[in-house]
Amino acid sequence: MKERLVQLEVLRYNPDTDTEARFQRYEVTCAEEWVVLDALNKVKADIDPTLNYRWSCHMAVCGSCGMMINGEPKLSCHTFLRDYEGVIRVEPLVHFPVERDLVTAPDDFMEKLKRVKPYIIPKEKKPISEGEYKQTPAQLMKFRQYSMCINCMLCYAACPEYGLTPHFIGPAALTLAHRYNQDSRDGGRKERQEVVATHEGVWECTFVGACSESARRTSTPRAPCSR
Amino acid sequence: MSRNPLIREVPPTSWYFRHPLYLRYMSREITSIFIGAYCVLLVVGLQRLAAGPAAWEGFVTALQSPASIVFQFLCLVAAFYHAATWFNATQKAMPLQIGEDFVPGNVISGAHYAAWAVLSVVVLFFTGVF
Amino acid sequence: MAKSHKPVVWFPFAAGGTVIAFCIPVIVLLTFLAALGNVPAGLSYEKMHAFAGNGLGKLIIFGVVALSLWSSAHRLRCTCYDFGIRADTLVATVLYIAAIVLSIAAAMFLLRI
Amino acid sequence: METISTDVAIIGAGGAGLRAAIALAETDPKLRIALISKVYPMRSHTCSAEGGAAGVIKPDDSFDLHFDDTAGGGDWLSDQDCVEYFIHEAPKELLQLEHWGCPWNREADGSVAVRPFGGMKKKRTWFAADKSGFHILHTLFQTSLQFPSITRYDEFFGLDLLIDEGRCQGVTAMEMRSGELRQFHAKAVIIAGGGGGRMFPFSTNGAIKTGDGMAMAYRAGAPLKDMEFVQYHPTGLPNTGSLLTEACRGEGGILVNKNGRRYLQDYGMGPETPVGKPQLKTMELGPRDRVSQAYWHELQKGNTVSTQWGECVLLDMRHLGEKYIDERLPLVRELCASYLQVDIVKDPVPIRPVVHYMMGGISTNTKAATPIPGLFAAGECACVSLNGANRLGSNSLVELLVFGRRAALSAIEHIQGLPAANTKALNARAVETQKRIDGLYARTNGTESMSGVRKEMMDTMEKNAGIYRTEEGLQEGVKIIHDLRQRYDKVILTDKSKVFNTDLFQMLELGSMLDCAEAVTVGALARKESRGAHQRLDYAERDDNKFLRHTMAYFKGLEPPRIDYLDVVITKSPPGVRDYSGDHK
């Protein structure tokens, strides 16, 4: 397997000892086919156990390992070394407070997800014993793409509007609201609209389109539309 | 208590230099200055039109000043750029589903471009450009 | 949570954006040709007066002008914010009022034709 | 140390934990529920499950068939009263998820669609493309947001159970972002902490799957049951270990060796079926243990393909066509394209078996109750004895729903009329935990590197407790793991900070894994037979006389666990021959 010496420049911040963030340079031998997360794992195991970041699935579905890689919000488990040359700069996701190193605080994001009432508010309740709600493949396709969001928060880091206007509810929450609004089983659109159409809601979106760029792998957050 | 999260501020007046995508977005936003100014010019034109043939002729002559030519040119660029970005964005804002499948984005944009071209040609035809 | 007044602003904005995209380029092209000295026949006083004198013509002109004004005002507002001007309420008030005043003016001129 | 009083504490907010929380909140809105997890709920490993969830729903299927598939698939080590309960609850739970919005794939008429899966006699696997676990997890998480009585403690690392007067009455946990300890006083505790596949080097499991929940219960005195049964999934990516769902084969993918032969026919799963026309319960739709074992034999015979990632066999899906693959297996295509740079539409994918699931876990009964009053467990961390010696694909997503809910109902039963807690005694227990953590920070005599010990553990598990095992290998494995547990006390904690100290969390996780690994190896050494996922080269046959029993491992501090046995509950299906030769007999 082809190997290569990779240079990482990682943002470090430890609230116990630091008043501001600094960059630390690591050199680590990696296989050419590795992802940035593999390189970080090697640094943590062999060079510096005090480096902190989140990760779990290593298949781009759990959404833990979002980071800025050369200034772009990326899942580090799905960012391939083969696509990079020279020093790779790794920072925590922007627009979120940094707890430590690459670990950010997603509290605001979590609160916003909850605010759009992301659950079925049934049109008509029916007991389990009566079986499933019928839903044709076409009705399913209407919302499925919006149900694919893995909550990795990359779109919030990509969205300049969220950075400039932190009360903006943001792409993932809007997408989630839309996902349930479009579901044939749901009757909660009006309730959700009260949240989505407030000051903080959909009207703050100026259609930069950066959210969709950041999330091409999973769901496509979307700017508002009149529906 | 050791928790003391670091807040990394977004620079409010220079954030758009952080990413080419943001620059593209800002250049789209800036077109609104020219479009807005051009709209004012349209209102002035209406006023001249209402004021009679001499006023209208004066207006058309005034358009031919060098400053106006430059302004018109910039507006032309802005208008085309805005149109292109608008049509490209529509496919994302209003995805179109037929049956189980979504109409591909470039088909939606393509339809917009086609309609736009037809409309423009019709206007040019009726105004006697060709 | 206060309901946003933005939907009122946003729908004319979206409509205006579409109008600008479809109509403004060709209109600018016409005045640009005029500016270069090749005044298209359609821009003669008679043709323009006839078009604007017709009820449908008035409606089309007013629609294009008013929606474009409104949309531009809204986009200018966002642009100001994006450039770091944080007095959003003031900017919005000034721009929206300007758009409304100009739209009313356009309507008055049209009615005089 | 701050004390948080609650009615029920749940440790783990994956599928089972969330299902339990919702069941508690729905059944009694007045209950206070603390949902404690070391990750945000959406990060839980349930999200990585791909293929689907089994439940009898179609007219051509029956409960009896699901029963037979499960009991036989588990090589008759499943408790049949448990299987009986499970198969009847399964469709209800899946329908419940449908009502909560899970985007199940549909038939043209709008009813839910089902796909074939390994070891199942009928098509009964409900699926949402190849992201079924992801959709189940997110549906549960989003649904849980409507219940104000569920208080989430995201990124709280569970440490020790608080046991007093023989009852479990709470748990201590560390708030990861501050490094501070909290004690949760609860009338009942449900552990839903997932499995510990990360004790192996090559695993489909996420980094978080380190058996913390199992180890916590084990240390508190609850036995671990059947830990030696570790499932290898036959089709993992050879470099990252990422899962390629069984649905690849369910939808018609075939396995071939370097000679292009569909070798499964040589291992009791033949005769060959036509390519692209998979037949249930035979060839590529054999059970996971058998299919993984066939790989091992091919490896011995030199029939595998040498790749830059080691010896592989090939999974060929080309005949399915691009459109069908994109509709049914989009994630699989994407995973292969990005991590291996292989397009499954054009080329076969090299794959090999990879550690996937632990059949064993905290011993529970059909009510999801452990032997410790007040302590319940559900999901992969529990061994309710549904899966026996080998779990059938698509039973586990349903298991965490069925027994997540069951654990909640049992917890409610348990807390009726409980005497008041002795807060002082619980406090004293919590202080012991604080001391343990302080001790880790204060340790100065460290000589062992954490990554070194971890690597040795993983390599030992792979080498000595893998697909095929021997007396000699297991003896060595037992010895090394035992040794590593002693050496663990000398591991250096490099990072002495409080805030989000992943060095500390990895150290705690390593401790959990070592405890569980010892139960696996000791249990495997003691089980001198071959059954399901536990295959001994030196005891190649199943031995129902001696080993139709569950292994029970009891924690004995730094000593190896005490092993005991518990009879399997057989109600209507006596042990028989596992037949995967299809209808060809």
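A, B, C and D are the chain letters, set down in written order, and residue numbers restart from 1 in every chain.
Rule of thumb we're sticking to: a contact is a pair of C-beta atoms (placed from the backbone, for glycine too) under 8 Å apart; a residue touches a chain by one contact, two chains touch by 3 or more.
Model, not experiment: these values are computed from the prediction.
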Between B-D and B-C, flag the pair that has more C-beta pairs in contact.
B-C
Between chain B and chain D, centroid-to-centroid distance (C-alpha), Å
56
Between chain B and chain C, the Cα-mean centres are separated in Å by 12
So what's the Cα centroid distance for chain A and chain C, whole Å?
38
Centroid distance [mean C-alpha coordinates] between chain D and chain A, Å
26
Quick one: which residues in chain A touch 2 or more of the other chains?
15-16, 99, 105, 137, 160, 164, 206, 224, 226
For chain D, jot down the residues that touch at least 2 other chains.
177, 497-499
Note the residues in chain C that touch 2 or more other chains, in rising order.
78, 82
Can you identify all of the chain pairs that touch?
A-B, A-C, A-D, B-C, B-D
Which residues of chain A touch chain D in the complex?
1, 14-17, 33, 44-46, 49-50, 52-59, 61-64, 78, 80, 99-101, 103, 105-106, 110, 113-114, 117-120, 122, 126, 128, 131-137, 139-140, 143-144, 147-148, 150-151, 176, 180, 183, 185-186, 217
Taking the complex as given, what residues does chain D use to touch chain A?
39-40, 42-45, 47-48, 92, 95-96, 98-101, 103-112, 131, 134-135, 138, 142-143, 145-146, 154, 177, 206-208, 239-243, 308-309, 331, 334-335, 338-339, 341, 450-451, 494-495, 497-503, 506
For the chain C and chain B complex, residues of the former touching the latter:
17-18, 20-37, 39-43, 45, 47-49, 52, 61, 65, 68-69, 71-73, 75-76, 78-79, 82-84, 86, 102, 105-106, 109-110, 112-113
As the complex stands, chain B meets chain D at residues 1-4
Could you list, by residue number, the parts of chain A that touch chain B in their complex?
13, 15-16, 20-21, 71-72, 94-95, 97-99, 105, 137-138, 141-142, 145, 160, 163-164, 206-210, 212-213, 220, 222-227
